[in-house]
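Since the structure comes first, as structure tokens, the remarks are kept for the end.
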Amino acid sequence: MKRRSVVKYAAVAAALSMGLTACGGGGGGDSKGSDTVRVTLANHVWTEGIKAAIPEFEKSTGLKVELTQLGEDQLSDQYNVKLNAGSDEIDVMMYRPLQEGKAFGKNGYLADLTSKVAEDADWNWKDYQDGPVKASTYEDKVMGVPIITEREVLYYRKDLLKAAGLEVPKTMEELEAAAKKIASADTAGFVARTGKSTAVTQFSSFLYSFGGDFTDASGKSAVGSEEAKKAYAFYGGLIKNYGPKNVSTDMSWPEAMAIFTQGKAAFYTEADSLYKNATDPAKSKVAETVGFAPLPAGPAGSKPYNIPSWGLAINQSSGNQDNAWKFIKWATSKDRTLEAQKAGVPGPRASVWSDPAGTSTYPKDLAAAIAVSAEKGVGHDRPLVITVGKAREIVGEPIVASITGADASAAADQANTAFQKFLDDENK
Amino acid sequence: MSVLTPARTSGQSARSRDNFSAWANRHRKWLFAAPAMIFVGLLIVFPLAWTLYLSLTDSQGSVRAASDFVGFENYLTVLTDTERFWPAVGRTVSFTLVALVCEVVLGMCIALLLWRPFRGEKWVRVAILLPLVATPVAVGMMWRLIFDPNIGFANQLLGLVGIPPQPWLSGQDSALPTTIFMDVWQWTPMVVLILLAGLTSLSEEPDEAARMDGANAFQRFFFVTLPLMMPTVIVAILLRGIDALKTFDILYATKGKGGGSFHEVETLNVYAYGLSFDYNQYGLSSAVLILFFMIIIGSMWLLTMRKKAVSK
Amino acid sequence: MTLMTESQTSAGQRRGTARRRKPLRSSGYKVFRVIALVAVVLFLIAPLFWMLLASFKTNVDIYDAGKSFLFTPTAENYANVLQRNNYFVFIFNSFWVAFVSTALSLVLGVPAAYAMSRFTMHRSALVVLMARVIPGVSLLVPWYYVFSNLKMVGGFEVLILSHMFVALPLIVYIMMSYFDSLPVELEESAQVDGLTPIGAFRHITLPLSVAGMATAGILAFIFSWNNFMFALVLSGSKTKTLPVAIFDFVSYASIDWGGLMAAATVVTIPIMIIALFTQKYIVSGLTAGATKG
């Protein structure tokens, strides 16, 4: 008897190692018209709202939702593995149109939603703002439905401005003068992101307002233009001259936001969607004194970005696209968008912004700033390329150079050459 | 442990089972070893072959997209890349070497402190075990808070003794040393345990004899204990070295993809990860991985040779 | 006879000599040693203690340097982690994946280690140990590609297989050095008594190896529990493990430091408790092979 168990033991081991396929079959499985919609979402306030409302969707449609929630980077890592392998494990996916849209579109990861969005007049695709719609389109095909939008606005400290007898700056010159006047040993005049790659998006509005862009009309690199050089020098100079002492050149928004909310800076330019970090007394020491204003105007006017930071798309390999679309339609409906917006997530629908209820929970000055920015906004906040990660590092180099006091103009020329080479490689 | 009599069953099946049993016993060497080898083989061979293949193509964007065979172009690109690849090699090597030196030296000191029994030994051993088993990503998050330039405890501590705040993880030059510090914190205990086991198994006579000859503690350590401990030290370096070369979790948790603004903690593993999952350049990434693999195997081989030489 | 008794005997010798030597020790060294040991313990424990403290603070308190040690503790972060973020599910997932992958790896690894030890199959052992050497990044995409074509993704299978890949080389390595230290004579005499070689392995060697298997198993469990890279890309909605779940507290619009530290504590505590109770096994496992020339 015992001897047989040894044999069995060995046989099990052999079977396990060789017949791996035999024990599979669970989980993934076939999804042809399945009643379960598998939704992958990023950690976000928007997601929290949707999560709470999902039972409502399940009840009204009879479908089941299987939700996966991940951090921003982990989400993109998973997409890169799963979509790459052509997995049908994901039906609905939350993605970043400007960061991944072009690459995913080119790789054929995303289903074409052009006819789907046109179907339902009640749901009303026309209600969506132009900038976000453009950013969600790849080669004239609608690839995703924007859910969260953001614009760059000026965060400032009302108390500090008042003490210094200053008005809210309307132009870049006024901003610099005000920052200069307020800057002291323990309070910085100005703070913003400084990381090579992370600062690119917040720098972009400065670039546009100085009359530049990442590429020119013919698609050539434009980061070496006179306008761009001025923008680099200005953004970097603000931080170098009036920023926090010994400023790190690796600050993303959490670090920069922390400096502002600790009361250690007077001005801060950042995405409006992060405003709750500054107004929530549980996180911010300056919750009472923070004010918001549109981005000050540069030589070319005030041109902040107005972009969809997140959208929903359908996995091309999903066998459950119709039900996936049902979920998207529900999650992006006017009602849900209004709910999300009330919870502090700026949405992409014009009708919600014009509805007083849509801005009821926002600080008045922020709502006004958003309205102005949405109107004049530019539809991208980073180079529109396939390998966005790499492009950001290239065009972000002069930002860091300028912050550290190196020659911004030379760095911009260098970046220009590198970026042009990058574009050539990509369009080969 | 009595001898077991085979269960009595009908003749034929008993015979066939005996036949099988005899066969199994004859071939037990491979019957035992093969399953594990096949398991690992199956899970390695395909990915390795795939990676090798990809490294010879210009695969980009998606591995399912059409790609062209480009021969050794990727290797050429990588090996002449002084902007990302060689600095990453440099960081990998310096991370590993500095971490290893610190861990072995510190580990040896702590092991010597623990060598002779003392009261409270148990508690010290518990303290040693905790960092070792702590989940690396959790530890990474912990250090991120402690080393935060604005709110971190590290700068508060420095403030107490009058040293100005340091940028730690967010500084261009201080990030790599800070991650090395984390590695040292987490893995010195492992080196301590390995060296302690070695010390414990040492015979007392040589030490005793040296004492009789009037050697002081330092002389006895450097001329008697250390030479005897060399094989153990090399085992510790070997075990730690593989993991240090491949360090990923704490770098990912503290600096994310790309290893920071200036790629200041971008080691080969992090670089390959970024090439794959940020840039989607699978051809290049595969070339980097193959080279990285060769570097690891090469250093393991060197160490094993060294160990054999020392043991003789 | 076994590793355990071996180390016990040497520990005994050690104590004897130590006692003999004590009078020679200067009191200066004793003081130095106490101070040094306290410093070592502080160095190792302080960061973990800080993490624990922060997990009981509100985010405002975390940002307040004045409240480093004096603050009103709150359990809010833990409520957040355990209730609202379903950490019990992740704890179960982590436990299940670690448990199953360890058990299966033992089934595959122990006989393999035995054969490799008894027949000195060093080259074959290298094949298995290769799993420990290969960079994990090169495995992710191919694995997922194959497994998704086999319709094996989404469940625990892939995750368990990938963790076995971590556990198996560890188990083979530890068990090989363990079997090396077991005298062959016992098996030989059992065979003289009429047992087949496999029978001798089953009835003589295995029962003697329980301590070794415990060591290998616990270490494999810990490594699986802590594994991040494989779980990051191979886990799905129902199978997410704790190390991946930690990142739930780093979201696009805010970092919840309090929640993050509570999550980190929740991830670390179970494995630390296991480690404390199995301390002697872990130590002998980590040091396996260390003392062989």
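Order as written gives the chain letters A, B and C; numbering starts at 1 within each chain.
To be clear about the criterion, a contact is a pair of C-beta atoms (placed from the backbone, for glycine too) under 8 Å apart; a residue touches a chain by one contact, two chains touch by 3 or more.
By chain, with names taken from UniProt: B = Sugar ABC transporter permease.
Here the structure is a predicted model, which means the values were calculated and not measured.
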Overall pattern in which the protein chains touch one another (line/ring/star/complete/other): complete
Chain pair with the greatest number of C-beta contact pairs: B-C
Where chain A and chain C are represented by their mean Cα positions, the distance between them in whole Å: 38
Chain B and chain C, separation of their C-alpha mean positions in angstrom: 14
Residues of chain C engaged with two or more neighbouring chains: 63, 108, 111, 140-141, 145, 161, 196, 198-199, 201, 203, 247
Contacts with 2+ other chains: residues of chain A: 2-3, 6, 10, 13, 16-17, 20, 73, 77, 81, 84-86, 258, 262
For chain B, residues contacting two or more additional chains: 4, 21, 24, 31-32, 34-36, 39, 63, 150-151, 276
Contact set on chain C toward chain B in their complex: 7, 10-11, 13-15, 17-18, 21, 33, 36-37, 40-41, 43-45, 47-48, 50-51, 54, 62-63, 65, 68, 108-109, 111-112, 114-116, 118-119, 121, 124, 127-128, 130-143, 145-146, 161, 164-165, 168-169, 172, 190, 193-199, 201, 203-204, 222, 225-226, 228-229, 242-243, 246-247, 257, 260-261, 263-265, 267-268, 271-272, 274-276, 279, 282-284, 286-287, 289-293
Contact set on chain C toward chain A in their complex: 58-60, 63, 104, 107-108, 111, 140-141, 144-145, 147-157, 161, 196, 198-199, 201-203, 232-234, 236-240, 244, 247-248, 250-255
Residue numbers on chain A that touch chain C, as the complex places them: 2-3, 5-6, 9-10, 12-13, 16-17, 20-21, 23-30, 38, 40, 42-45, 66-74, 77-78, 81-82, 84-89, 254, 258, 261-262, 273-274, 276-277, 281-283, 285, 309-310
In the complex, chain B residues that touch chain A: 4, 6-7, 17, 20-21, 24, 31-32, 34-36, 38-39, 42, 61-65, 148-151, 164-165, 167, 169-172, 175, 256-258, 260-262, 264, 274, 276-281
Complex contact set, residues of chain B against chain C: 1, 3-4, 21, 24-25, 28-37, 39-41, 43-44, 46-48, 50-51, 63, 109-110, 113-114, 116-118, 120, 123-139, 141-143, 145-146, 150-151, 153, 156, 185, 189-190, 193-198, 200-201, 204, 231-232, 235-236, 242, 246, 248-249, 252-253, 268-269, 272-273, 276, 282, 285-286, 289, 292-293, 296-297, 300, 311
